[in-house]
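One structure follows; several queries about it will come next.
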Amino acid sequence: MSSDSLPSDVASALAGVPPWWADGAPGHLLTGLEPGLEGFLALVRLASVVRDRQEQIARSRPLAGKVFAGMFFDPSLRTRSSLLVACAKLGAEYLDLQPDSSLWTLEFTDEVVMDGVAQEHIREAAGVLGRYAQALGLRAFPARGQWDRERTQPVHRAFAEHAGVPVVNLEGPMAHPCQGLADALTFQDLLGKPRGRKLVFTWAPHPHQGLLAVPHSALWAGSSLGMDVVLAHPEGFDLDAEALDQGRALATESGGALSITHDRDAALEGADLVYAGSWGAVTGPEASRGGHADAVAALRDWKVDTDDLRRGGDAFFLHCLPVRRNVVVTDDVLDGPLSAVLQQAENRVWAQVALLLTLMGNRSS
Amino acid sequence: MSSDSLPSDVASALAGVPPWWADGAPGHLLTGLEPGLEGFLALVRLASVVRDRQEQIARSRPLAGKVFAGMFFDPSLRTRSSLLVACAKLGAEYLDLQPDSSLWTLEFTDEVVMDGVAQEHIREAAGVLGRYAQALGLRAFPARGQWDRERTQPVHRAFAEHAGVPVVNLEGPMAHPCQGLADALTFQDLLGKPRGRKLVFTWAPHPHQGLLAVPHSALWAGSSLGMDVVLAHPEGFDLDAEALDQGRALATESGGALSITHDRDAALEGADLVYAGSWGAVTGPEASRGGHADAVAALRDWKVDTDDLRRGGDAFFLHCLPVRRNVVVTDDVLDGPLSAVLQQAENRVWAQVALLLTLMGNRSS
Amino acid sequence: MSSDSLPSDVASALAGVPPWWADGAPGHLLTGLEPGLEGFLALVRLASVVRDRQEQIARSRPLAGKVFAGMFFDPSLRTRSSLLVACAKLGAEYLDLQPDSSLWTLEFTDEVVMDGVAQEHIREAAGVLGRYAQALGLRAFPARGQWDRERTQPVHRAFAEHAGVPVVNLEGPMAHPCQGLADALTFQDLLGKPRGRKLVFTWAPHPHQGLLAVPHSALWAGSSLGMDVVLAHPEGFDLDAEALDQGRALATESGGALSITHDRDAALEGADLVYAGSWGAVTGPEASRGGHADAVAALRDWKVDTDDLRRGGDAFFLHCLPVRRNVVVTDDVLDGPLSAVLQQAENRVWAQVALLLTLMGNRSS
């Protein structure tokens, strides 16, 4: 990449992102915490600048000849689409890889005799893709019932260990860092200066058990911006304890706060942003699928409606999508002026443009 | 897009396409009738010019950084491929979306409680894709047996209503407008001045019931060019009555004619172009699948052969493809000098280059 | 393509590739033997030069607006990915076609009445794709038990006959020419001057019967470079007799040698390169799947280990991937300093950049 070709404010914002990787090592983003508070905020600034300068960037094609490969072991509309779009804005090419059609059955265990169904070892698969693409993205959801293991994101770490190029988590068991960056940008767009403003992340009903990745990343985003972050959920639906500790540490560092409550009404009082998400119980009787349905049936009043947004000033509504209407949130919220879900989805593009420019811009094509 | 970068004759032809949309609203193409007669002819002219200037356009990349998203709820070879090619000619990126891998199960009904299988509502799906892509394309075939509803193309209209960007019909229940544009260009290529020349659109046997979209769009194309259009089909295989009315109106406006006959021999007399298509009966006993097979068995002599093309001067043969050899048309026609089916397929590219330039050229990237 | 825009050494190396096709005819690469010895070596030289000049080429986009279509009737990670990457390096667009989603069910037989399951004839499918793309790639593995027919690569030849543009074999029954080009480049990278050095291509155990394409193409590559090529395999696992004759002819022309042995130990003595591959027996009792598993169980000591590489000087290890660890080759080989498998996979990109530049560079976009 010739930095000369970038608009000067983009080049300046890019230079303001401190590398979070050792010299010569690839810069992974598996949790989104790797860049640290300063790095995270610099990425959000860069995302805002590239959005302003999108036309000039599209013309200069800073990543011409480079390839980002996205591997989806689980389905995606927004993430896959917004990555291709981000590549298009930068002049890079997007390589879409999916099991069955374009990935062999992979073996992740070391020192195994591969005489079973697995056709290729992660060491070769990641190694080869790292020779083809200048960065890799990976979506892999957790296997249920193995949280102690899954919370370490072993599939993501295996790719990162063997790829030799940056690996970006496109939603895993613990985090969805691209969503977190986009959320921070959206919080800024909606509030101007989010510092000290109240972000309520509230559990909402859903027939299936969702993942913890989005709530974790959103809480970290709000905490990093110095917001007054309140997590509201029914008893038994705790998030990961260490993820909450990490959120509290970010809040301390940024001058914000992170608190947790089961009192939904109190939480919504005075909210500036109401961000809804759905997840299952990690432990306890609700953890099984049947238990989840029963538990949700008794928690239908956690559905977000317009009244919930009117308790302070008018709060904006956020959701990572896809969203089940009239289960998670009412039609009138989504169709009303306080919904920011489309803007939030669009910001995925700019967050990822910023990230790809940071991770792929310094590598030779 | 910087119009400066376009060759002057392309810029001039592009400026000659009158917008068929209100200021600030997106320019959908759901039936192909939206641009009106003048607009349709201007698009065909533009298609011819961009074909001549393809190398300069590829160099100038007028849609750099922009994305066209194609959604295929039904299979496609030509449409999907030619859209990617059209994007490549313009420097745009093509985003391919297919159910299962890259689209969630969609809900189209408003005010529903989404506690069933549908994971995302069309309002969010279309809204998000409209933030990612500068135009959307959509193929969705009609559900059988609900013609009153399907003829209004409800899926296409739902995307158009909620996308906020142009939506292009890539074949729906009533129309295949990209095919219609390509057909008009092909009629011109073959005949020079098609005005007053005879286009016969003839029903042909096929083991399955085809759609009405291609015959409708082809009839409109011929009628728009002022041709003497004759539709020939067996009794009971009527096209949509309103579609025929629209064709007659276009013929009147352009100085052409549109007539319908069950007398195949009379129709073929003196034809300049013979365009074959296959469709099922919308009503009557042939409408069921079993009925269709029986009806077709008795109509095998509607298969097009070389003698059919020799009844006037030598008529060119057209078909939208895929075509079943020796069922719809004989080998000697397809392999002989009068077949224009490959040229017709290629013109899909240039029709779509013209359309994308028109719809996406004025939007900021 | 404007050759002015290419770096001068690339333009010079490209000019050094003699066309292997008649004026106006497309330049297919179905076996990899088409360019002849001189042409093959010139392509390898070009591959090396484009690798050195990759950044300048990515900037100049010599194939802007052009499309390469890859059709995969069998799965692929490396080939599909490396083709998209090669296109990205050249500014071309990659069109990915797969059965079910983007190809109709094809009929290959001529003069058939298409009233069965096949929806489109190869004549139209290839003809249309040849109007959309400036070159086509095709992967189609052989049907088992029809070797006399399959060895002629009938599917590849059918596409080549009807496409009107170059068709590249992306692995077929007899050859994998892109792999062969990449292998020759890798042999050069590893050895500097491969002439007279010893390449051992050794059969290795695998639970499934592999194809003959990679061993054929690798043997031809080594023979073309004037190497001392030794093919080692158990009795009953002969390669195609004519393919071996072609290898011997290349060896004679280049001043190298090609010999065959069942004595694995003798073969490995003094090897500079050990290239492992797995294939089934074409004839004899091992040819059935059950027979294959039994045969392999008795041949486990053909697995490559570090001792095998240490018998002469240190030999480098090669494999086309995917590879089953500890069945085909031990972990310590793949993870040790003598493994060249990732470099070999990366060279697929540069071989294909060279090939696409040769085949697509002279066509109008």
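Every chain is named by a letter (A, B and C) in the order it is written, and numbering of its residues begins at 1.
One rule holds for everything that comes next: contacts are C-beta pairs under 8 Å (C-beta built on N, C-alpha and C of every residue); 3 or more make two chains touch, one makes a residue touch a chain.
Nothing here was measured: the structure is a model prediction, and the numbers come from that model.
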Arrangement of touching chains [line / ring / star / complete / other]: complete
Rotation angle superposing chain A onto its copy chain B by C-alpha atoms, nearest 5 degrees: 120
Fraction-based call for chain C against chain A, same above half, different below: different
For chain A paired with chain C, centre-to-centre distance based on mean C-alpha positions, whole Å: 40
Contacts with two or more other chains, residues of chain A listed in rising order: none
Residues of chain C defined as touching chain A within the complex: 54-55, 57-59, 61, 72, 75-78, 80-82, 84-85, 87-89, 91, 94, 98, 207, 321-327, 331, 334-335, 341-343, 345-346, 349
Contact footprint of chain A on chain B as seen in their complex: 64-67, 69, 92-93, 95, 97, 100-104, 107, 110-115, 118-121, 123-125, 127-129, 131-133, 364-365
